[in-house]
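Take a look at these structures.
Both of the next two complexes hold chain A, though its partner changes from chain B to chain C.
So, the complex of A and B:
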């Protein structure tokens, strides 16, 4: 190579550390990325926005070598990147913190960090990893197994993995979806420090407030195409969502009149559930009445999953009682794909799961597939499920699509009790608004709703009553009108007098 | 006294091939690939090892050929399950049937003959002079002496080397390994093929060293025992080795009892090693599983990079 084409730092400033041109990727007849261009400069934090299914994850999967695109070119420091090879992407300096982190649960922190490098995770590596962790401000025990870490720690581990390799282009796929507000603030601080040290960061989120808080540039995707590529300054949340959706019908706040509470539909008395190391629920008392939304606020890992499963009647408590007067219970689990839906089955089958034994859907000896398909078409319309054919495999849907399928199945039967765990996690603004609207509508119809959420704003906006969950117990209860955001925030962290 | 010592000595010889086959399967399974074709690969090793030893009058050549035969059959499994993502259970069963049939075909006319060369026992100078146990433990062939070192070597490879870290990652979370730049496909290929080599060696040990004949289906289900040993040994090479030796010992006891002529049906006696090993391993397993070593999470699951 001659001097003219020598990739130097000076030319990077103008050209961008990473340049993707014309990235195109389709799945079947679905164009997930349509000639996408993306440029990232040194020291820049760039937000990547778009509705559910817009193609954000697909784009970064191409950049990190997991997907082989149908067309397009990626250069890093002016050098062409071999596409479709995770190894080549890592060697070029591109690293991703995936939505599911992609760690090995049985490996220690050190083994996870060094996996794929020359090291094998011996005592010397443990020292290096410990040093790097504290330099990055992470408190991670290099010998702890990954399965024992909290979600926040797992994320730090995934980031540490990239720092250990000295990668320069860090891509974070919805990193704040699983974090509480203080944890997210902590993450933003790390991101700014890294950017100041010369790293380039691409950051995906559905929380538009976060864009202004941490990013300087933004790229917006709509149906696989880039619709905006500009500085964040001068762009407010409203404008961003208009760009994402393509119309001004952004589906904003839900109208929230207080509900009229009736009879008790769910009562938990002195419920205790054992967890992995500590009690998941410890002597829990709780009531949900018809016509009210009970919000359960708290940082994840404080017994939410156990509470949801006991309330829905899926697991039996070790001691204590669950009483429910509900004829039909709707359960929207946190882990949609593994607990709520059968990924390998079609949208039609998933929608019929709860009622295929009913007379309307089947005869004792056979199933009326045409009736199932008709039901599916009706629900696909009613809930705006983004599929062309009811026979689409559920696992191929994006996050928002999955949640719509789940809601359609659970809510179309007029339940008396709805247990919703993290129902808007990872959803775009419009989908999240749809979910909230549905919860309020069913409450007004007379259903009792338990809303378990880490998103404090959501809990405060929708709930008639708010409970704060900490270490498996209720540490605070507030009725609507007596909500105190600051105090609830403290209680979530285990502070504040009881 | 000599009854027990004899059983122990025979047991060590019987346990050795099982240990090799089980350790080979362990390598493949730790990389995430289940190979139920162990029995077929052992039979191929047995027949090829026997014929080559007979032809060359050289047991070293025989064993080399047996290892190659096992590895060749295993590479069919690797191509089908790792490359083409065929169901591993189905492919493994096919391999067993294929190995049994092919070995019977190749071995036609060799039944009843002697291999003409073998692997002689080497008495270890001072140690074999120890009263009682000396001759039992230290008057064996090289494969017996090597097996603890092989198990230890595999343990070191798994837990003290980069390749081992990569191999375990491929078996636990191939997606995470791939995203970290680990060549998951290559590692799975190598692990399956190495496992086949071990099974081939185990088969040849039966035909060239232990019985010194070839007979159709002569491994009589020991490939399946090897697979069970990996599971009950919680995928730990040391525990798997101990399990194999235990099975061998009770099997040896069975032969001794038969030759002494106890008034019990030989069929019941022949069941002994299976029942006894099962009981001991179930006990061991209930203890060991708390250590959080256990089945590789992605065992049996084909890896596909673009799937979601």
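So, the complex of A and C:
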């Protein structure tokens, strides 16, 4: 496959700013990157695609010096990069925005930006930061504390950190996973501005629509190998997903017959939850019936987390009531690793978190660990969790791997009520389709489902009823058949008469 | 051509390495210690001969090692147990001391209890006192998040003062002229020996506690829930587990284990409460749990190794090597073991910074 990536003439102009050749990295017996080649040119936006566990994060961790590859070579401007050294990567101009941003909440924007450089964040730095922010099209107050920023703004701040260091090659790992569509559109505008100014950008996504929207080139990984390296033009989402999966049975739209709503399984009455500065939920009324999917649309930060946690019965509202007739509740939280999994424990243990007290697994004096392992093997198979050994620590899984562990555990039983917060975020197309199918299957079985999602398409596709959440209150309710995409979009932004 | 050397996290060290590295670490420590001794004017071969003789190489030495291992196994277990719920119990020292103190109180004031009842009563009161002492740190930690490391540490000083107050005051031995001794305990308060040895049964108790702790934490549903709470409190909350209750119970259990160590030292070794009842056993327990990487059964091994070193260095001192040198050798071996541990978790990579492929070649494909 080496010959497939012939970059043509070796002249300086044609040579990529960054060229990686034959990158190979294994974890134990798992080959996460298998002779991967990647070239990025000046001013280019390159999408990096692949299923969960395909090796995307591993590849960029090699590029930014976090992992030492087992083999391969990286050159930047024709000069060989010392691999496995984060400092060398920074000096060569390579910077990464990780999905979790890694910022200090109590620091201001400027302080976060200068952290780790020789600058100390004085007025002059504030001016520089402000200038760089506006040049990139970011609306950021250099003196605002990081904790007061929205996710979209945090992302801008994380990018600003790289710009301040004068880095030229910006790598963004699933930057849009946490953004609403308008925030993502804004990010794309900035990315184009930066590319026009000569920066090179590698960006990872699972949303194939975004590839066409912002990238000019695309590299696709499948099981650690490059299966495509070409221009985006002339490639549609269908073709991309075929390349990613290696066959054409990419899960598409889920068949969406309406559900038959039955008894009420969850009722929230006048629920109020305090937030940091404003009320997270303000006098919320809501019902979920058996056999229906209630979609909650809204831009993140409008009370979604509080709603999910109250609905799942984890936090108590300061006032109001939660009534639930459900014997078993499944809850898929938004922040999986921090709420829902135990990173230092094995996949087996994590899959058993809801069942280790059941008769089948234990009695009060003994846990049958072999039965837990058997359950784990079954679920790893059924949910295609990308892991070899059930004894692997959950923290070592890929982003999508974590997600599947959680989904496998929560959806493999027979819950009466399912609270799913951003259940497909970070999943590749096929897995996202699988999750949607599961939700519909559980609804048809008679479970009540609350689907909280920023992905309006997903909400519209699956829901029997859609509620719009804005500033902690329901500002619109639509039943299936009376869905009005434009109006819902307006309501999500707080506009449109009630 | 340049080389660069760096550390990288290793995923799974092969089994052979996991055995070879600690062995090599001990050997390295001994070698370095030999240099220290040679510098101090002692023959290292002789010195090591006496360490071996004094710790493992003779029946007497081995018995001393077993006696020494008993409190170390227990204090190591105390720390490793608390780690299961995510807490650092640095207060093993104090819990051990109050355990010994409470057992002494029972021994002195309930001396009229029939023989077979007196010992169990003393030991149980030692456990209870250790548990209470730890709970004093656990409750504010569980309820308001007050740092348990600081509180358990401070409680050590209070425990020492409390013991000193009693042995210099009301419990003091008038015949011990100014020595920090309590009155001796009645004969019925002495722990029996293993048949045919002068090793008290404490080591058997300690091993039973190790197995029980392993079973409770690693093989019961409750222990599982404890590990979940320690591993990620937010997930424990998500599952509806009551974390604060588990913190209090586990830290109290941890204190009870350290308190047991105190009661056993008292009834098995000193037979009266005295200032030196703990030779930093509580703090050594932290190191032992660390060496064992928090594993409960690993604690037993680490504690035996530690006991061997301590007893060996006593033997060394009887041959005329100054105590500081003996202590340095002990410390060297531990430092080497810790370094070996790091070597297992990471690996050194030496890479040529010159490319295998010339850039021009790479460009030309």
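In this section, the second predicted complex is superposed on the first by the 486 of 498 C-alpha atoms of A that agree within 3 Å, B and C clash if a C-alpha of one lies under 4 Å from a C-alpha of the other, contacts with A are read in each partner's own complex, and residues count from 1 in each chain.
FYI, a residue touches a chain if its C-beta (ideal position, glycine included) is under 8 Å from a C-beta of that chain, and two chains touch if they have at least 3 such contacts.
Predicted, not measured: the structure shown is a model, and the values here were computed from it.
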Pick one for A:354: touches chain B only (first), chain C only (second), both, or neither.
-> second
So, A:121: does it touch chain B (first), chain C (second), both, or neither?
-> first
So, does A:367 touch the first partner chain B, the second partner chain C, both, or neither?
-> second
Of the partners chain B and chain C, which touch A:470 in the superposed model: first, second, both, neither?
-> neither
For A:106, is the partner it touches chain B (first), chain C (second), both, or none of the two (neither)?
-> first
With the two complexes superposed on chain A, say which partner A:98 touches: chain B (first), chain C (second), both, or neither.
-> first
Which partner reaches more residues of chain A, chain B or chain C?
-> C
Touch check for A:83: first (chain B), second (chain C), both, or neither?
-> second
Give one of first, second, both or neither to describe whether A:21 is in contact with chain B, with chain C, with both, or with none.
-> second
Who does A:345 touch here: chain B (first), chain C (second), both, or neither?
-> second
What is the shared patch of chain A, the residues that chain B and chain C both contact?
-> 67-68, 396
Chain A contacts chain B in the complex at 64, 66-68, 86-87, 90-91, 96, 98, 102-107, 111, 114-116, 118-122, 145, 161, 395-396
In the complex of these two chains, what residues of chain C are touching chain A?
-> 4, 6, 8, 11-12, 219-222, 224-225, 227-228, 231-232, 234-235, 237-240, 349, 351, 353-357, 359-360, 362-365
Residues of chain A defined as touching chain C within the complex = 2-3, 5-8, 10, 15, 19, 21, 27-28, 67-68, 73, 75, 78-80, 82-85, 313-314, 331, 333, 338-345, 349, 353-354, 356-357, 361-362, 364-367, 369, 396
Give every residue of chain B touching chain A within the complex, in rising order.
-> 160-162, 164-166, 168-169, 172-173, 175-183, 292, 297, 305-306, 308
